[in-house]
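Okay, here's the structure, questions in a sec.
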Amino acid sequence: MSQIELRHVDKSFGAVGVCHDINLTVEEGEFVTLLGSSGCGKTTTLNMVAGLEDPSKGDILIGGRRVNDLSPVQRDVAMVFQNYALYPHMTVAENLGFTLKMRKMAKPQIAERVAAVAASLELTPLLERLPSALSGGQQQRVAIGRALVREPRVFLFDEPFSNLDASLRVKMRAEVKQLHQQLGVTTLFVTHDQEEAMSISDRIAVLNRGKVEQFGTPEEIYSRPATRYVARFIGNPQIDLVPGELEPGADGAVLRLAGVALTLPDFVPPPGAGPAVEVGVRPEHVRLTEAGIPAKVQLVQPVGAATHVVLGWEGGDLIASVPGFVHLSVGAAIHFEIDPRHVLVFDAQSGDRLM
Amino acid sequence: MSQIELRHVDKSFGAVGVCHDINLTVEEGEFVTLLGSSGCGKTTTLNMVAGLEDPSKGDILIGGRRVNDLSPVQRDVAMVFQNYALYPHMTVAENLGFTLKMRKMAKPQIAERVAAVAASLELTPLLERLPSALSGGQQQRVAIGRALVREPRVFLFDEPFSNLDASLRVKMRAEVKQLHQQLGVTTLFVTHDQEEAMSISDRIAVLNRGKVEQFGTPEEIYSRPATRYVARFIGNPQIDLVPGELEPGADGAVLRLAGVALTLPDFVPPPGAGPAVEVGVRPEHVRLTEAGIPAKVQLVQPVGAATHVVLGWEGGDLIASVPGFVHLSVGAAIHFEIDPRHVLVFDAQSGDRLM
Amino acid sequence: QDSTLGVFGPLPPDPAPPGAAKFAGAEFDAWKAANGADVKYDLVAWPQLHDRMATAFASGSAPWDVMYNCGWVPEFESFLLPFVDDLPKELVDDMPGSSFSTVTWNGKRYGAIFTLSLLTLFYNKEHLDEAGLGAPPKDWDEFLRYTKELTRDGRYGFVSNYGDPAGIGGTASYWMAFLQQAGGTMYAEDGSPAFNTEAGVAALQMMIDLQAAGTDPGSISYVGINDATNVLLSGRASMMMNWPFMWKPAQDPKGSQVVGKLAASVLPAGPAGTASIDGTDAWTIGKSTKDAEKARKLIEFYLDPAIQKKQALDTGWLPIRLSVLNDPDVQATMPLAKVVLDQAQHPYDSFVTPDYNEISQAVGTEIQKALQGQKTAAEAIAEAETLASAIIARRG
Amino acid sequence: MSFASARSRDRGFRVLVVVGLILFVVWSAAPILWLIVSSLMQQQALIVQPPDFSLGNFTLENFTEVIVSAAALGRGILNSFIVALFSTAVALVIGAPAAYALARLAVPRANALAFLVLATQMLPGIAIAIPLFLVISRLGLIDNVLALGLVYLSFNLPIVIWILRGFFLAIPEGIEKAAAVDGAGVVGTFLHIVLPISIPPLGAAAVFAFVEAWNEFFFALILTRQDAQTVPLVIAQFAGQYQTLFGQMMAAAAISIAPVIALAIIFRNQIVRGFADGMMKG
Amino acid sequence: MSSTSFERRRRRAGLLFVAPAAIVLLAILAYPIVESFILSTQSVRLVAGGVTKEWNSFANYIRLAGDETFRRAVVNTMIFSFGEVALVVSIGLAVALLLNHPLGRWGFFRIMLVVPWAIAPVANAVLWKWILNSNYGILNGLLKSLGLIEYYQVWLARPWSAFGFLLLIDVWKSVPFIALLLLAGLQRVPQSLYKAAYMDGAGRWQAFRHVTLPTMRSALAIAVVLQTIWSLRVFEIIFVLTRGGPADATVLMNFLAYRVTFNFLDIGYGAAIANIIFALTFLLAITYVWLMQPRKRRISS
């Protein structure tokens, strides 16, 4: 039994409230990610689950049992720290083996397990070095290895991949995901990288200033964001928000944005909503066309499989994601279209999604 | 004049060689990125340009002048450190203003510049805090601000965005890029994030174990990688490499991969190449079709705009990038096609690209 | 009925008992055997003796049977046993009567001096000869004139140690010698200070004049007598007031540049004739001793003529017994003995009281000020008497 | 390290450092050099102006004299060793945990407590000498090496606690948290993490405690008789009322420094070893 | 079972960790310290083979107020203490910086560092007494042979000169430990900060001023506080070198307390002086600790 549950958890440092009424359940064997921007309280929340900080209010349960008063060891959690927190006086091998030593495992066994983990993290040639002679990414891999080396009830990861290079990051993601599938260990993962969160998680909790904005599967969060905040946070490049007005139309509603009118079929705005709204358009739903809304090219950012083109038009700036490399020069005139089926509509006041 | 030039630069720590014969020219006003995996010597190279490490061999020139013996101030470079290196006893405002204070700027002016930079980095509410009361990402922003606050001849960035969340990272990218466009300051940027490198750079130098593998524009690097290493390193998800055989065909050549034959029109393999080759296929060039090569779904990773589907077939694993969310269950049977026009062919031995 | 006697005293080269210093070891063993007594020495370097005793007494215990004392008898009186009346009469009679003055308090005699230690004048014969001065100075005038004439060739006519104001051998005690030479005294019959007199001022003036005439200017910085002695022994000063003990080291070529060149005489006479002060190295018995009898026997052994003779011949510390002082062997090896005996014919009061340390500290400090020219002799003496009166008044 | 080399390119500064180091060596060593020279000379050669350095005046006699005749020196060194080792070891063993607790373990009023601990050292030893003598003599522990060691312990402990506390305060919290998650309890964290990364301050504290106990004079004087005499007392014996055997005293002093120097040579690398880099990278 | 929260658990362990040290200190020092406070309110006499103590309220302290020697000792002590702390800490810091420089890392230098400190204070004082002797001291000999002085100087004769030399000797003896302490502190300053400061254009002095000093704050605070305590307890060198002379010019409070207690056997009065030293040390230490305290984490609302 290793379900994690946070009930009405508050945390403040002195007068500064950092977490507010957090409620979250990570089902047994589930992989849940805390996603949020810098300073929103992710690390703090993780620390409370680990037993490294006491919540100011509320309960933390693991496996259905209240663990507020248990030590990290009693909670049987393993954690990868954001700043590595390697033991500076121990070699990589000793860093990896420390937790096993604390568990009084026999030396040869420790060596064996350490060697296995080191191999999987490409740390084998570094085993005898001190952390101070490692590069930033190497240090982070040691920190990950330290958690992998034992088999705890709960895994906690605090941005473990932020210093790894892309290929290693993808590899590590798969590794962690696979590990999770193998061991079925309940995992709480912290990241600020929405793509990472999307690709690795069963469910994602989006945190904003210490509050859970939305808790759902990656698809829910991407396609049906609960709030403007979530919509902006998820997706790369970011969703574009255009101010508009919502008018009841013949069938559904009509959306007016800077002279463009989009008909939203089958959409009946809830009572009290609008008319002022913000309309979210994801870059992949903006198509460059021969005819359509006229615009100018502002910036061209190739990312390999696609190129992000920043368009300037009457309504503001909009990013279009175009497959492959496109050769447009800054300032060129261009036309685009928006797919009304994929448009997201938010109440301008509350930020809640209307459609 | 602020062109940066590295000529035959070597660096070793004791017996360990870290950089080998690095030759690199960053033209005046250019934005060049050093891209490479963890531990490949990026930081070390940057440090040598900054004047924080002496090269073991070779020359470093800035503005055409040999600067090996000059201090960072004399070189007039600003740097953002990978580990932030914030002054723990100074408030954010003092950290930002320190370099100006060292330049004996008047207090009101310092305050003004600091306020401006803080505003652009969303640090204004944190100005009076000490670094120890900041989250990881907040610390990194302060570190960036410290370099932005002065206007040097050369900017050096050591993975400045690695701890920022996605939205801020994109914003910062644009900010830095814009700053670069405004000031035209020669910039050397270090990252392990290929996407970041692609979207921000004029040219990219891909480093591998202390050697420059390829130095070119993002498109060159993505579409015409010089080596297998570069091809694997660039692109997200990673390119798939499938072992195959190259046979001279009627017009061009024929590529055989695990029972599949691809005709490469107009391609004449160079003498001495093959027949053993490795074939690189980027995920966006793998299409799921009704008929085609049969395969099984291994893993489904949604990333928002696209979903990465790992396919298992005779020839190994292959990733297909499919727009939007796709609902495939692991184990399902499926068919796919490879676009022969976009295939990359590498010599299996040397790793050099043949096509 | 074996018993153990604890003996507290100084370490050699200061006057240490037999068995501790290298003399009369065999006799000491024989005595122990004969008396069924074991003797356990607790010896400390001289500068620490007083602290050690003070700590023990202040916490209410005096763990020793026999103790060395040096001018501290009045101070520690309440911890001591007045045993002198129980000594054999012939022994007491064989000691200079005045030697008991520093170990007597409230009319009771608490100690037996075991070495005659009076300040006398040591001088470098060679220097005097070179200056055409045949005999040592006899009076203050000559003393001043000699000092002046001997100050030449990078040498000083006179050297002393004025660095430490307090205690026997401190600045105040030197002045007390001059005071008696001038016919003065420290205390009136009722014990109140009585030194702010012409004699007192004259004595200090004499020290000031000597300073001007050619005293080594370093004297004010020498806190121990050995600092000054070294100057005399290096031949860089010609005259010095010193204790008999220094005779022997002066003859040792390892430490002395003036082997065979030193001579001694009684201190130059002031208006009232010559006078000196007493070094007061005495044996006393602790009140808490379990075997006062045996303790006294041990002191008797220390004062035995044979032992006293060995003490003189082997260590250079003069005996106290008149018979031994007059012994031809002793006088032959230690020509000094005769000089010190002569000196003993004249006053040599050290004016020890329970407040001796405090008073000599106060008086000595005033004298230092006068020697440094911060005050005139009269001012310093007047102030010193005021301070001394206050100290005595406080003791009640 | 390599950064330092990049930075110390500047010649002028290197010259300054070299001059500084030379001055430092002269400043530290000159008086001791004189100690050694004078321990090798006859007194008569030292009291003249200027000292007579002719070869004939050099002798080993002071040393032979000190070793042969003053057997007390050997015993003094042994006693000093016992006392110093005992009080150093115990001061570290009980002082380090106390310092850690006062720095990191949320002990209530830790700052005040730490200051109180230090305050025990603010009363001059002279003031407590007499009551302490009383207690020790009532317990019959006068002239007992271990009693002296305990007294020194009470002097060294507060200082050791203070030194270590200041350093423990600077340890990054992250690694303690990591250790907690890795299964180390408070004791385990202390033993396996905090102590090993605190070798420089531990070294400094140990050297401090050892040297202080080795050289303490006043309490050794009043709390010992003959058997438990420590080295400083033996050295002091050469300074008498009428005569100071300067050469022998310096010879004894030279001998007494030797063990401390030997320790310094053995532990020279431990005394100051830094993990600064690794510490702050993490 | 131990089922308490993280912080409470640590607190409990903390109390256990502190206990042995607290017990040792209490067992050994509590009685003597309390007794010395009591003694200072008593008049103590040695009579009839014993000691009598009589409560005399604050008579000892009142007497201190009118005691000129005491007043002089207080002034001397303050000057000495400030001078010593300033000199020892600054020289110690300079030495630590030298030894932390790559050129100064040779083990020999670290051994040299320990040397002045390893010598027993008694021997040290006698050694210096000979070095400074006005008639045959090596310092005079050296200076004269270098042509720096014409005549041998009496270094310890003039009040300020004697005072200065005492200070110098004590500084010489005290520098090693403080330097060692600061060296240990220097080892903790992260190199990356120097890199950043270097990049920010800070010169050596500025890096020292803005990086080294602030990050060494706690080590410096310890050094200052400990040296203050020690400088107020200076004894041996005065006892051997000057005995407080000439004419009380070098009487420091601790020496005075000693003289009154052990020479004059005025134990109550001596205890009163000692307690004033305690109060003075306490106040100075608190002030220093307060001054050197790192700035509180500031959190804006």
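Note that the chains are named A, B, C, D and E in the order they appear, and that numbering of residues resets to 1 at the start of each chain.
In this text, contacts are C-beta pairs under 8 Å (C-beta built on N, C-alpha and C of every residue); 3 or more make two chains touch, one makes a residue touch a chain.
Just so it is clear, the structure is predicted and the values come from calculations on it, not from any experiment.
Superposing the C-alpha atoms of chain A onto chain B requires a rotation of 180 degrees, rounded to the nearest 5.
Across the structure, the highest number of inter-chain C-beta contacts is found for D-E. We define each chain's centre as the mean of its Cα atoms; on that basis chain A and chain E are separated by 57 Å. Chain D and chain E, compared by their mean Cα positions, are separated by 15 Å. One simple way to say how far apart two chains are is to compare their mean CA positions; for chain A and chain B this gives 21 Å. Counting partners per residue, chain A has 13, 51-52, 71-72, 83, 136 as the residues that reach two or more other chains.
Along chain E, residues 6-7, 9, 135-136, 152, 190, 192-193, 195, 198, 240, 261-262, 267, 299 each make contact with two or more other chains. Each of the following residues of chain C touches two or more other chains: 51, 55, 58-60, 230-231, 234, 236. Chain C makes touch with chain E in their complex at residues 50-51, 54-55, 57-60, 62, 75-76, 78-79, 162-166, 216-218, 220-221, 223, 227, 230-231, 234, 236, 287-288, 355, 357-358, 361, 365, 368-369, 372, 374. Only residues 190, 192-193, 195-203, 206, 210-211, 214-215, 217, 294-295, 297-300 of chain E touch chain B when the two sit together in their complex. By the touch criterion given at the top, residues 6-7, 9-11, 13-18, 20-22, 24-25, 28-29, 31-33, 35-36, 39, 94-95, 98-99, 101-104, 107, 109-124, 126-128, 130-131, 135-136, 138, 140-141, 144-145, 152, 172, 176-177, 180-181, 183-185, 187-195, 198, 204, 218-219, 221-222, 225-226, 229, 232-233, 235-236, 240, 254, 257-258, 261-262, 267, 270-271, 274-275, 277-278, 281-282, 285-286, 289 of chain E touch chain D in their complex. The touching residues of chain D, when paired with chain C in their complex, are 42-44, 47-49, 61, 129-131, 133-134, 137, 221-222, 225-226, 233, 236-245. Within the complex formed with chain C, the chain E residues making contact are 44, 46-51, 129, 133-136, 152, 154-157, 162, 240-243, 245-248, 259, 261-267.
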